[in-house]
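My structure is below; once you've seen it, I'll send some questions.
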Amino acid sequence: MRHDSPQPDTGSRLDADRAHLARRYQAVRGQTRALAAPLSPEDCQAQSMADASPAKWHLAHVTWFFETFVLEPFEPDFKPFNPAFRVLYNSYYNGVGEQFSRPQRGLVTRPDLAEVWRWREQVDERITQLIAHTDSADALRLIAMGLHHEQQHQELLLTDIKHLLSINPLNPAYQRAWPLVSVAPVPTRWVERDGGLVEIGHAGEGFAFDNESPRHRQWLEPHALMNRLVTHGEWLDFVRDGGYTDPRWWLAAGWDWVRTQGIRAPLYWTLPRDPQALPTVFTLNGAVPLDPHTPVVHVSYFEADAFARWTAATHADQAGARLPTEAEWEAAAASLPVQGNLQEAGALHPMPARAGGGLLQMFGDVWEWTASSYSPYPGYQVAEGAVGEYNGKFMVNQTVLRGGSCATPASHLRASYRNFFPTDARWQFSGLRLAKTLIS
Amino acid sequence: MRHDSPQPDTGSRLDADRAHLARRYQAVRGQTRALAAPLSPEDCQAQSMADASPAKWHLAHVTWFFETFVLEPFEPDFKPFNPAFRVLYNSYYNGVGEQFSRPQRGLVTRPDLAEVWRWREQVDERITQLIAHTDSADALRLIAMGLHHEQQHQELLLTDIKHLLSINPLNPAYQRAWPLVSVAPVPTRWVERDGGLVEIGHAGEGFAFDNESPRHRQWLEPHALMNRLVTHGEWLDFVRDGGYTDPRWWLAAGWDWVRTQGIRAPLYWTLPRDPQALPTVFTLNGAVPLDPHTPVVHVSYFEADAFARWTAATHADQAGARLPTEAEWEAAAASLPVQGNLQEAGALHPMPARAGGGLLQMFGDVWEWTASSYSPYPGYQVAEGAVGEYNGKFMVNQTVLRGGSCATPASHLRASYRNFFPTDARWQFSGLRLAKTLIS
Amino acid sequence: MRHDSPQPDTGSRLDADRAHLARRYQAVRGQTRALAAPLSPEDCQAQSMADASPAKWHLAHVTWFFETFVLEPFEPDFKPFNPAFRVLYNSYYNGVGEQFSRPQRGLVTRPDLAEVWRWREQVDERITQLIAHTDSADALRLIAMGLHHEQQHQELLLTDIKHLLSINPLNPAYQRAWPLVSVAPVPTRWVERDGGLVEIGHAGEGFAFDNESPRHRQWLEPHALMNRLVTHGEWLDFVRDGGYTDPRWWLAAGWDWVRTQGIRAPLYWTLPRDPQALPTVFTLNGAVPLDPHTPVVHVSYFEADAFARWTAATHADQAGARLPTEAEWEAAAASLPVQGNLQEAGALHPMPARAGGGLLQMFGDVWEWTASSYSPYPGYQVAEGAVGEYNGKFMVNQTVLRGGSCATPASHLRASYRNFFPTDARWQFSGLRLAKTLIS
Amino acid sequence: MRHDSPQPDTGSRLDADRAHLARRYQAVRGQTRALAAPLSPEDCQAQSMADASPAKWHLAHVTWFFETFVLEPFEPDFKPFNPAFRVLYNSYYNGVGEQFSRPQRGLVTRPDLAEVWRWREQVDERITQLIAHTDSADALRLIAMGLHHEQQHQELLLTDIKHLLSINPLNPAYQRAWPLVSVAPVPTRWVERDGGLVEIGHAGEGFAFDNESPRHRQWLEPHALMNRLVTHGEWLDFVRDGGYTDPRWWLAAGWDWVRTQGIRAPLYWTLPRDPQALPTVFTLNGAVPLDPHTPVVHVSYFEADAFARWTAATHADQAGARLPTEAEWEAAAASLPVQGNLQEAGALHPMPARAGGGLLQMFGDVWEWTASSYSPYPGYQVAEGAVGEYNGKFMVNQTVLRGGSCATPASHLRASYRNFFPTDARWQFSGLRLAKTLIS
């Protein structure tokens, strides 16, 4: 994203862009409103852990992004809705200035939710005007970026509210979209892929984040990817086989995490007294019995990696199982359409893989942990200005996830899209697909 | 408080009690409603630290007390408003059963505030019926206790909301009752008192908590109490004289606390860059310049004790200054009326001592730290049943405060009333009065 | 201790004092050497927790006390052994200046143990000279104080090395003085005592710490003390009756401590798999089976208090059982000789109460937790100078213990002696005796 | 390392191997003795942080490795020196069984140092016999591995003892090998290198750890490496330019680390009051003024990365500066001899780059942080058995360092050698060399 370079746009192209952007702006901002509709002012206030944010904060912060990065530089006679919000809703942009303490976001009770909505409405009005009248292609590009930013926060709003509601002993549901149809997933099957030089990363038209660039070459050994995601039923075998109590399967840091945190199952599971009974899982549709056919979700990298080692050692037909690298995943996904169980499907929970050939569930259902650390691509350049803090400064001690989840909007995804979280994070919709190296 | 003993009440006496209790019930519960009126659902949701509770929790917990300790045993055909609330709003009564995790009270967004109000209304209706129709003197006594319990939580609601609002960088005010009239306080003067055997503790008619009993004898040496509270201006001298950076004045544990917590002034002060300028203080009326004439407030026991040592060493006319013992305080207060700057005054902030002889400001303004650890009186008996957990189990590692504050309801206080907090607590309206031993 | 006041000593009196002090100096310093004899340089280096100190540190610090408080002011042409030791071995005297970080004492490997012994020898030489030649009664008084200080550290050296060795999975013994003769203790019997005005605190000749002064009056209600200490066998009944899992017996802070620390038995117990088998306990004589006849030891105040409540509720003949106050204990001990199972006995472990009338085991075996917070006596004055930091600044959030233990030297004790530790401390030889209030 | 596979060794080849191994065994074990010679029993006992181990523990653990992995399976009639040591000196091998708590290693005072030396001597005797008489090539291979393992611990012994001594306010020196000759280092110069497919990783004869395998292809873009290491003088410019207080240079996690840990300079620096004066640095030769000509050392990955960003932005001739990847580093080092300022040089401190062409200081002086996360090479297989825990289980959340340091033995290194530490580790001899991508 280089929003400072000159652009020889013709007028008609710009007008078409304007119209498209105006429609997309209405759609994305409207979808955020729809996602917040089931939530009370109380629900929107609370912050259940330092990694999560209150829903009210998400609603305000995405508006802050438009006000700070678009209106402030491009609106004639810019005047902020409330100057104090510049600090209050700055997430982590040192280039913009001070930030309010992250773990205390849930303690800011004023402005209340109604005032945040008024702010959003005022900014919507002003952005709509700007789209209609600005001559700046940079402004339009930043608005497009702001919408992708808002879509990221739509997913976070859902995962954060899920975490919050899970703490309430009354087991409240965010929605009642259940029941899912439970069908046995297709059998596992290795899909083999050649090695050699591949190109990965974003190129060409269309929006992408800076961390997807530059497109570059990478050498792959011959390998195979599993045709579908790992399921809850397969995970239950791992649990019942003592997977969480056997250090052989775990990275040293993972074993330490399991023991010091008392981890015995994925997040949101309640294990039954009778080990042969089904666990209960908390979902955005309330607490339900675990469905073995659905993809496993809310596991950390440590757990995903341990599961792969256990599978490799205990399943003869899956010897050599490991997590895929991000290059293997992207090379395989590059030719597939972005479709699947995404936010628009409304389930907000992963669903069984339906019959089909080739690679299934590559997009949607759950983010897939890869074996790749989150690092800059060769030749990566950070964007200038505060927006340059968007991605680059997080490129250490995190691991890449690919493919999007049941909470990701379809229009937000690409094969080159890189998500990333620390190896112990579990509150995102994170799962896994197995891979293996083919020995020639 | 022995609510299980038989009572030979006559009918007419009981009827008079009923009428009095019904009026008091309406008054106390109405006052709670009035105190919550300035607060939004968001304000009532948040919990700013583990020691504090959300306002919504206070509103629910005091209703839980009536439902659990009064309606459950005494109402015919008792049925709870919501059975899950029995655990959710139990504070610390192991005799009642499980308790929801205290530091997570701010994460319970459902029930929302409106439902808590509905619960309160239903319980008000049922308690009103019970008062009118029950034959049980125990039930009436427990209702009276529940009202005193609610008055305690009125004060906590105010101190907790003050702490919450203080974290908000927008400095929101709970009310706008300012300005106070600032007048120079009366000069300090030692009020001397004889030694000898005294009796302290509650006796006779009228409500008192079990920790005020039994009334018992205690030997006092001759001593003097200061005629009024220590002021902000006197405290400012302490600050400017380096009081917070000189270990000579501090208990070892206090010095450790000052250094590890970076304490430089009372809670809610913002020190100015220019040390000769006045600090800003956050109050329930918003952020204001410190008024040197008002009593110092929001200091810990460690600070109060250090101030006394500093005063003793640096003010020739106050040599020997120390904190009073609770027996010295109570013996002096026993004959004074319970009046002063209390909750009903509406200031919710301590005010200058007005002219007058004898001991001033004994009730109201600020709770006065004493030199006495919170221990059982000789012969103290814990009440039977879960209500017995009210006081006794906290009698360790806490220090007694006396006299009530600007947030305490007048009808809640007595000379024998014992409040108690850990030595590092500061978010209550806590201040001090000096004392000294008279050497014969 | 007022070492700055003029003293009209005659010459002969001073000479007698000199001779006595010289003998006592040799005896106490020699006993410290004897206690350290079984320890290797490695044993003397390690520090097992922040509350404990390495044996090498104890050996150095007591020498530091003589060098800093005696030689520095009173020795002509004073020159320190090593100027850097002034900071390195200062425990907590702010009046002397900086202190080395307490939790890092085990990391100071140089000076090594041999050099610390050389320092001790040099200081012994110089103090011996000073005793022989000084005209200052203050110097002699400070030396006497230094010896009492060293005796305190003798006990700490033993309790700290016990804690260190207990962590070693090889279960090493400090000494092999076992076996104790196990005999059934005398039966429990209440010894009744009148109420009324008593005097407690130190008066008259002889050394005492400042916290034992001034002697003062206190009112006592009629009460009884148990004739002997609580035994391990009685404690085992408490454990087997579920004492550590029932909140009814515990102060709120104690219950919190039990649960968060996972406390299930006194320190140094290893519970057997078979609940009817005897636990193993780690002692300075190695790991041995618990002897039910010996006094219980290494319990916290929280545990002692809980045991008393459990006893009161479950033993009809001990209804009303509680811990004694320090005034009750001292009034009862005032007329008893200081004798019992003390350091000189060499067992370094509590022993069964032998037959006899009256109050047994008042001195020695274990320090007895009292119900009294550690507070200044009325009219208490801190000594001037750095030595004034000895006691007074610790008078908060600690609880008084009385009577001395099997690790306390006999010549160090008095009926008025006040020991004090936080309510969760267990690594001292701490146990308990029951008391009750007599209701007239 | 696959020590379980059959090997068609001829007898004469085995005998040559035996002789070589016997000499190497004497040399390496003797060098460990020499490194420990300056240390007292006290020095060898203490553990200054959880990441470090006591020198006594290092001495015992490397002997444990030989006893457990070589003698136990291969010695006829194996009997351990002390069976308890199997648990006590197991570092992290779950396959061997339980492990003693790592942060408490400094508390095991028994066995004392003398007994650990006796253990070493006995094991030396037995291993020497085994080398002479065994028919097992696996045994010989495991002994070779044990020697490389011991060489790793030689370096750790030095870095751990440096950390321990640095805490002592007396600034004790491990050795007095000073002064180094301070000469201005050669000027910086970019050494350009072509892109394309390269092979990295170990292949062929000679010892290597499993994490260096398998040798595999990797695609590199054209790039340049700096001819020498970054110096203390260059780092001082970074400090004086406010490098530690400007968030622009730091990864988000690094900035958080800098602020919460109060980081202002590399480990072991004492900053002077006068910012233009030279800092003092603690070295194994005691505390000395910083020499600007020597390579910077004891910096974390966060600091190395921030320095590269600052250099790129402020030095026109070093635009694009970043850390090298491990593949770039290894491809460049593959043809260079393993020589430089290594452990054998005896300085135990980095030294200025002497004149010369090409890449200087690639081996020795300081470990060079790379931009590469520590991950398994494609097709990596963990060795079977407990020895398989050597490397693989640490492959997460660590970063690769290359090239060895002034504390690394020459015979321990290779171009393919991969060292790894967390991004905040600083107590190793860690520094950096700059690299950049060449844009075609």
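Note that the chains take the letters A, B, C and D in the order they are written out, and that residue 1 is the start of every chain.
Quick note on the criterion: a residue touches a chain if its C-beta (ideal position, glycine included) is under 8 Å from a C-beta of that chain, and two chains touch if they have at least 3 such contacts.
Here the structure is a predicted model, which means the values were calculated and not measured.
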item: Most distant chain from chain D by Cα centroid; value: B
item: Option reproducing the contacts of B-C, where over half of them reappear, out of A-B, A-D or C-D; value: A-D
item: Centre distance in Å when chain C and chain D are each reduced to the mean of their C-alpha atoms; value: 48
item: Separation of mean Cα positions, chain D and chain B [Å, integer]; value: 60
item: Chain A-chain D separation of Cα centroids, rounded to whole Å; value: 37
item: Of all residues in chain B, the ones touching two or more other chains; value: none
item: Pairwise touch network: line, ring, star, complete, or other; value: ring
item: Those chain pairs that satisfy the touch definition; value: A-B, A-D, B-C, C-D
item: Touch list for chain D against partner chain A, complex; value: 92, 94-95, 197, 216-219, 221, 247-248, 250-255, 301-302, 305, 371-373, 375-376, 378-379, 393-397, 399, 423, 437, 439
item: Contact set on chain D toward chain C in their complex; value: 40-46, 48, 56, 84, 87-88, 100, 104, 106-113, 164-165, 167-170, 172
